[in-house]
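Below: one structure, written as C-alpha cells.
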Amino acid sequence: MTKQLKIATIGGGSSYTPELVEGLIKHYDEFPVTELWLVDIKAGEDKLNIVGALAMRMIKKAGLPIDVHLTLNREAALKNADFVTTQFRVGLLEARGKDERIPLTYDVIGQETNGAGGLFKGLRTIPVILDICRDIERLCPNAWLINFTNPAGMVTEAVLRYSNIKKVVGLCNVPIGIEMGVAKLLDVDHSRIRIDFAGLNHMVYGLDVFLDGVSVKDEVVDKLTDPEQTSFVKNIEGIGYDPAFIRALGVLTCPYHNYYYKHRDMLEKQHKEAKEQGTRAEVVLKLESELFELYQDENLAIKPPQLEERGGAYYSEAAVRLITSIYNDTCDIQPVNTRNNGAIKSLPDESAVEISSVITKDGPKPIAIGDLPVATRGLVQQIKSFERLSAEAAVTGNYDLAVTALAINPLTPSDTIARAIVDEMMEAHKQYLPQFFK
Amino acid sequence: MTKQLKIATIGGGSSYTPELVEGLIKHYDEFPVTELWLVDIKAGEDKLNIVGALAMRMIKKAGLPIDVHLTLNREAALKNADFVTTQFRVGLLEARGKDERIPLTYDVIGQETNGAGGLFKGLRTIPVILDICRDIERLCPNAWLINFTNPAGMVTEAVLRYSNIKKVVGLCNVPIGIEMGVAKLLDVDHSRIRIDFAGLNHMVYGLDVFLDGVSVKDEVVDKLTDPEQTSFVKNIEGIGYDPAFIRALGVLTCPYHNYYYKHRDMLEKQHKEAKEQGTRAEVVLKLESELFELYQDENLAIKPPQLEERGGAYYSEAAVRLITSIYNDTCDIQPVNTRNNGAIKSLPDESAVEISSVITKDGPKPIAIGDLPVATRGLVQQIKSFERLSAEAAVTGNYDLAVTALAINPLTPSDTIARAIVDEMMEAHKQYLPQFFK
Amino acid sequence: MTKQLKIATIGGGSSYTPELVEGLIKHYDEFPVTELWLVDIKAGEDKLNIVGALAMRMIKKAGLPIDVHLTLNREAALKNADFVTTQFRVGLLEARGKDERIPLTYDVIGQETNGAGGLFKGLRTIPVILDICRDIERLCPNAWLINFTNPAGMVTEAVLRYSNIKKVVGLCNVPIGIEMGVAKLLDVDHSRIRIDFAGLNHMVYGLDVFLDGVSVKDEVVDKLTDPEQTSFVKNIEGIGYDPAFIRALGVLTCPYHNYYYKHRDMLEKQHKEAKEQGTRAEVVLKLESELFELYQDENLAIKPPQLEERGGAYYSEAAVRLITSIYNDTCDIQPVNTRNNGAIKSLPDESAVEISSVITKDGPKPIAIGDLPVATRGLVQQIKSFERLSAEAAVTGNYDLAVTALAINPLTPSDTIARAIVDEMMEAHKQYLPQFFK
Amino acid sequence: MTKQLKIATIGGGSSYTPELVEGLIKHYDEFPVTELWLVDIKAGEDKLNIVGALAMRMIKKAGLPIDVHLTLNREAALKNADFVTTQFRVGLLEARGKDERIPLTYDVIGQETNGAGGLFKGLRTIPVILDICRDIERLCPNAWLINFTNPAGMVTEAVLRYSNIKKVVGLCNVPIGIEMGVAKLLDVDHSRIRIDFAGLNHMVYGLDVFLDGVSVKDEVVDKLTDPEQTSFVKNIEGIGYDPAFIRALGVLTCPYHNYYYKHRDMLEKQHKEAKEQGTRAEVVLKLESELFELYQDENLAIKPPQLEERGGAYYSEAAVRLITSIYNDTCDIQPVNTRNNGAIKSLPDESAVEISSVITKDGPKPIAIGDLPVATRGLVQQIKSFERLSAEAAVTGNYDLAVTALAINPLTPSDTIARAIVDEMMEAHKQYLPQFFK
C-alpha cells in the first residue's frame, strides 16, 4: 500500500498548472504523489474546471495513480497536505494591468514585481498568504509551503516575519533561466553548469559560474561583453551591458536588473510597448485566453507548447526539482528564497534572501558567501528595505509606510510622486486592500 | 615660554581662510596656536597673498602672538605641524564647473559631491590627498589631518584605506547647519540642541533630536511637516517633504538628500538654474571674485559678512570646535567623518562614516547606534559602495571601476550613460587625472 | 518652588546607604533631590530604622531640604519616583555564606558573583528585580532604574531581556576603583585619568589608559609588571601577574580576573581564608554588625570612615556621578552596564555589557570599540553565555538550564560536579527559589 | 591515455599510510590516481621504506596502475602534484611524549592537541607547514593541500592567515567517528545519518542529527542520557555526561570536549594512566613498533587490522571521500576545517572553523548556521583565541604571546603556571623551535 503524498495547489486554476502537472508526471518515480488538490476562488471556478480537466487527462494518459481534486474549499485542500504550492494572483490580470499602467502615467516604471507595481501586488497578496499560513498551522502543520506567488521575495519575507510558518520556500524561475542561458552560451548541457547565486528575488547575482566544477566566470563575462554575442545577451539580459561595467561588476546579473542599471531605457521601452502592444498584463491576458481555448480541447492530454510563451519557462523544472529534493533529502544545491541566517553578512539573519542552498528534508540550508561584492551591496540593501517596509505596510495597513516604501525605491523619482502614485493606486485597488480602508 | 602649536593649512589661499582665522582668534584661549602656515600651489599664489595679508591684519587687530607664514613650499609648512587642515580644490572652480555642466547635458544631476561630479572630484582629489599623507608620515607623523576637502566622505575613506595615516578626521558643516536650523525652528539657543547623527558625509541622518537632553524629535518632525512652517523647512531641506514620508522615515534628513528623495525636482531645478543664473560653480566664481576684491582692502581686518553667502556657514565654528576638542581632550560629542569601528552594523568596520562621536585627544570615538533605521539603510549602503569604488578607481586608475562606480550611483540612469559621461569627463579633466592616462 | 525630584532606594536598610546619602549631600547643587525613600522588607526593618535615622541626621547636619521617608511599602516608595536604586540582597548575608561555603566543599571557587555563587545569587535575585520592574512600569514608568545589586551583569541582562523596562543601568565600583588605582600608581589626580573600559561586569578590561588624553598604557603596564611595584599591583590586582602575560594581553584586568587567570591560587586562598578567618560573608557579617553599632550612635551625623573597609570604595562617587550626569544630560564618559547595541562586535546587540559610555539624559550611549582584543574574547564570551543561561534558568525555573549554566562556567571542574553543587545549593536556598519548587 | 593525477604525501613514512593507500585502492574508479609520492625526512627513511614497500604490495595486489615513489626530496614530490596531504609529526612521538608528560608534572592536562601540548605541537608544526606552503606556491600552485597534521584547527588557521595558499582543507576523523557512533546507537547504516556539524577542530558540536533527513536529535540525546546505554556513550563520549547537562546543552559533543566539561576526571585519568600504562605517546610508540614489525612482512599486502587500534579509525574513509569529492565536484556535505566566511556569526570570517560544508571542485563551501547555541559559544571562542595567539606566536617567535596563549587556555590553572610550563617545554623542544632561540 502506498503512503499518502498530498499536494495542495492554491490558485490551481492558473494557466501554469499544466507545467506543474507535467513536472509531477515526469518525476513520479522520485516523488510518487497520490493526491493533487487544485483549489481556487469562486471567481476562478471556470478556469479551474478547464485546467483541472486537462490535468486529469494528462495524468490518465501517463497512466499514473494520482487523484486530482478540484475544489473551492481551501480547508479541504489543505487538510493533511504534505506540500502546499501557491500561485495565485489577487485581483487577477486586471489588477496587474493597473500596476503597470498607473505608474507609467507618472513617467515611472510600471512592473508587476518592481517599484509601485511590486508594492501594490505585495499589499494585496501578503494578507492572503498570511491567512493561508494560519490555515496551514491548523490543518497541515508539517507541510512545506512552496510559494511561487510574486513578489516572491517580499512574500517570503512577510511569511518569515509575520507568520508562525517556518517551513516556507520562495521559488522563482529566474535563476534556472540564467543557468540555461549560460549553458546555451557555452554550448554545453545545463547539468554541467553550476552558478553561485546570492541576492534577493528578482535581484539575484551569479557570483561565480562553474562548468564541471571549474570556474568559467571570466569566459562567460567575456562572451557577455562581446558584441558578436549580442543575440544571446538579449536572451539573458534583455539589453546588452556596457563591457566596462560588466567587467568591473564582476558578477552575472539577472534580467530584472535592467530596471535599475538601465532605468532610462526600460522606461522608454515601457512607454513604447504600452502604446504599441499594450502592457505585459494586456499581452498576457490575450495569451491566457488563447491558452484556455486550447486547454478546453478534450483531445489535448499534454502541456501545449504555447504555454512557454506565457513566461514561465523552466517553472515546472524548478518547482518539481525543489519539491523532489525536499521529499528525498537529496542535499543538492538549488537557488531559493529562504531565511538568510548569516549567509550574506550585510543583510539581517531573519530576512528572506535568494541564495544557493543545500536542499534537505529539513529545508534549504544557505551556503555562506561572506558578503556580496561591494558594487552590488547597495542596490540589494535598498530593495530589502523596500521589501521590509512594504511587508510591514501590508500587515499593518499603515499608509505612511506604504508611501515611504515607494519613496525609498530606486525607481521612484521623488517622495511627492510616490505619494501621488500611492493615492491613485490605493483607490484603484481598493477592494483588495481592506487593511487600508478600515 | 609657550609651547609651539602649529597649524598648516593646505589650500591656504582659499576664500574660506578668513573663517578659519576668525575661529582661531575667537578660541585662542583654549587653543593657543603659535604658527599658522598657509600653503598653496603656484597657480594660487596671488590669492594666497591677498588672503594671507588679510589673515595677518585680523590677527594683528586681535593682538595675538600668532605667526602667519605664506608659502608655496608644502614641506616647510608640514614640518612638525600639530594639525594639518586641507581645503583645496584640484582644478579650481573651473573644474567644478565641468562637474556641474557635463552631466546636465545627459539629463543627469551635475553636482560637486554627488553623482558624476562627486566621482570626478574624487578622482582628481584622492591622489593629491594621498600624496599629502605620505608627506605627513615623513614630516609630522603625530599631526592630526583635518580634511575639509570634498567629497569629504570619499576622501576620508581613501585616507583610511590607502594611506598609513590613522589620525584623520573628515569634517563638514552640514550637521552643524542642521543643528542650527532645528534650534531656530524651536526658537532656542543652539547649545541646548543635540542631534544623534549617523550615516555618511552629505548623506547623514538625525536619528534623534534632544532639547536639554529630552527627545523632541516628534515635535520637530511635526513642524517639518507643517505647511505653515514651509519657510523654515526650506532652510533645512531646500524643498518640503511629503508629511507621510517624513513621518514614516522617522529621522531628520540633510539637504543633500534632496538629490535622492526629490531627484526629479532637483534635476529640473538644475536645468533651470544653469540656464538662468549659471551653475553653482559659476555663481561661486562671481562671489569669490567679489570676495577677493573685498579682501584686498587694506582697512579690512575682520571676516567680511559677505563670506557667509559663499556657502560655508558655521564652517569656522565646526572646524575650530573640532581642533580645540582634540587639543584639549574635551570629550564632547561632535558629528565627524571617522572609522566606523562597528558603530553602524551594516557598514564595514574600516569604512569612513559620518557619526556623532566623542572627541578626545586620541581622536573621535564613534557612539554605537546598532544599525540605521531600515528605511535609510539602502541609500547609505549604495553611496558607500559608490565611494569605495570611486576611491579604488582614483588610486588604481582603473577605468572600468570608474564607469561602474558611476553606473551603480542612484543618480545615474544607465550603465551606458555612465560610460558616456565618464568618457567625456575624463577628457575634460585629463590634466588632473594622470593615473588614467598612463 | 522646587520641582520634585524623588529617589527610591530598594534595600534602603543596607549598610551602604550612608555612602549614597553622603554622595547626595555632596552633589546637591547639581542634583537637588527633594525626597529620598528608603524601602526595605519586614526582615530588614530594624536596620532600616537605624540607617534611616543616620541618613536624617546627616541631611540635617548638611542643612538641606531633603525629605527622608522610611517605609516597608514598596509601592509608596516607587510612586512617581525619578530614580530607583536597588541594593538588596535576597537571603541576606546568610545566603551569601552558603554561596561561598558550599562550592568550596567540592574544591570549587565559592564567590558571590562568580561561578556557583554568582549563579545562585542570580537565581534568587532576578525574579525579585523583575517584580520590581513590573512595579516600575505601573508606578513610575519614566524612572531610571540604577541597579547596584549583584551579580550586576546578569541582573542587567535579565532586565533587558525579560522586562519591559528600557531605562536601566547596572553600576559597579570596580572600574572607578581601577581608575583610582592607576591614578595612584602614576601619582596624579584621578580626574586626569581616563580608561577605555569594555567587557562585562566583574570581567571588564581597560583597553587603553589616558593621562590628560595621552595614552600611557605602556607605562602603566610596565609599572604593573615591575616587581618593585608589587605593593601597588596588589592594590589593583590582588596578586601580581606574570609580566610576559600582562604584556601580551595588552590590557588592564580587573580584580575579579584573578578567579580565572589565577584560578588555582585563588582556590587555595579561599580554602585558607575559610579555615582561618571565615569566608567573606562571615567577615562582612562581623563588619556590618560593628557598622550598625556605630550607626546607632545618635551623635554620628557623617558617614563613618569604617564603612570603607566594607568593600564599597567609591560606591558613592560612582552612583552619584551617574545619577547626576543622567539628570543634567552631562554627556561625560562613564563605564556602566548597558545594552551593547553593536559596541562590542562578538557579543549580541541586545546583551548587557560593561563599557565606557556617554551618559545622557536619554541614558548611556556605548562607544563602539570594534571588538575586544583576541586574547580576551573567549573568557568574555564564556561569561556572557553563563549569564544568559543563568538568567533564563532564573526566569523559567528550568533545572537543566541551571546545571548547564554552571557546567559551562570556567570555574567548574565538570558537569557532574556542577550537578552535585546545584542540587545541594537548590536545597540550601529553597525558600528563595520558588520557581524551581513548583 | 590517462590524464596524470598525482598525490604527494608529506610524512609518507607514517604508520597511517596504509589507511590512505587502502582508501585510494577502494575508490580508484572515482579517483584514478596515477602517481603516489611518499616523502619523508632523513630521520624517517627506514619507516618510509617499510611502509612504502607495503604500499607497493597493496597496489600490486589490487592490480592498479598507480606508481608509488618513495623520496626524501620534497621538491620532487610536490612538483605538479594535484593533491598534497600532510601527516607529519615534527619531533616524532618523542616530542609528543614530552607534550604529555611535562604538563602533568604541573597537575595540568598533557594532551597532544589541547592545552600546553597543543600549543607546543603548533609551535613546532606551523613553521614547517608554512614552509611547505611556500613550496606549493612555487611547485604546484593549483594543488589542494589536505592537512591531517594536528593540531589541525590551529594549523589551518595559520595557513589561512600566514600563507598565500587558499586551497587548503583541514581534515579530522572526529566528526566521521561521531556519525559512525550515532549510526551504531540507532542501529542503522551510517549512510542514512547526517549531522550538522559546527565549531572548531577537536571542539566540534553536532547541532542536529538526521536519519534519512528527519531530525532524530532528541532521540539520540535521550539514548545518550540513558544509563542503560552507557556502554555506547563510552564509545562516543569516553565518559557519560550528566543527563541534565546534555539535555540543556541540546547538541552532540565530541570526545575532546571531555577535557573541558570533565576537566577534573580527565586529569585524574591522565595521572593514573601515566603511572600505570604510560602516556598515550608511550602506548602509541609501542603500537607503532608492532605495526612496523607487521608492515615488514613481505607477505602482507593489505592494511593490517591492528592499525585500527592506532587511533585513526575512519581516517581513510574521511580522507578519500574528501579528495574524491573535490576531484569530482560531487557537492556532497562533509565536515571539514575551512574558512568561516560568515557561516558562524561570532567567529571571524577569515578564521578556520570545522563545519559541514558542500565539497566542490572549487573547495568546501560552509553552510551558514547563524550562530552556535549560546551554551557552546564561550568555549569555542576561547579555543579560537588560543589557536590564534598560538599561531601568531609560532610565526613570530614571540615568547610573551606563547605564554599568554597558554594562560588564556581553559585547561591552564594560572598565568604563572603557564609561564613555568612554557619555560620548561621551550627548553625541552628547543631543537624544533628555532624561531624562539634566535
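Lettered A, B, C and D in written order, each chain numbered from 1.
The criterion applied here is as follows: a contact is a pair of C-beta atoms (placed from the backbone, for glycine too) under 8 Å apart; a residue touches a chain by one contact, two chains touch by 3 or more.
Computed from a prediction, not measured in an experiment: that's the story for all the values here.
K.L.:
Give me the set of chains touching chain A intersected with the set touching chain C.
P.N.:
Chains that touch both chain A and chain C, as defined above, are B, D.
K.L.:
Measuring centre to centre, with centres taken as mean CA positions, what chain is farthest from chain A?
P.N.:
Chain centre farthest from chain A's centre: C.
K.L.:
Using mean CA coordinates as chain centres, what's the chain A-chain D distance in Å?
P.N.:
The computed centroid separation for chain A versus chain D comes out at 45 Å.
K.L.:
Using the touch rule from the top of the page, what residues of chain A touch 2 or more other chains?
P.N.:
Expected reply: no residues.
K.L.:
On the basis of the stated criterion, which chains touch which? Give every pair.
P.N.:
According to the stated criterion, the contacting chain pairs are A-B, A-D, B-C, C-D.
K.L.:
Which of the residues in chain A come into contact with chain D in the complex?
P.N.:
Answer in residue numbers: 194, 196, 208, 210, 212-215, 328-329, 331-333, 340-345, 349, 358, 360-362, 365-371.
K.L.:
Going by the contact rule set out above, which residues of chain B touch chain A in the complex?
P.N.:
Those residues of chain B that touch chain A are 241-242, 244-249, 261-265, 346, 374-379, 381-386, 388-389, 398-401, 403-404, 407-408, 410, 413-419.
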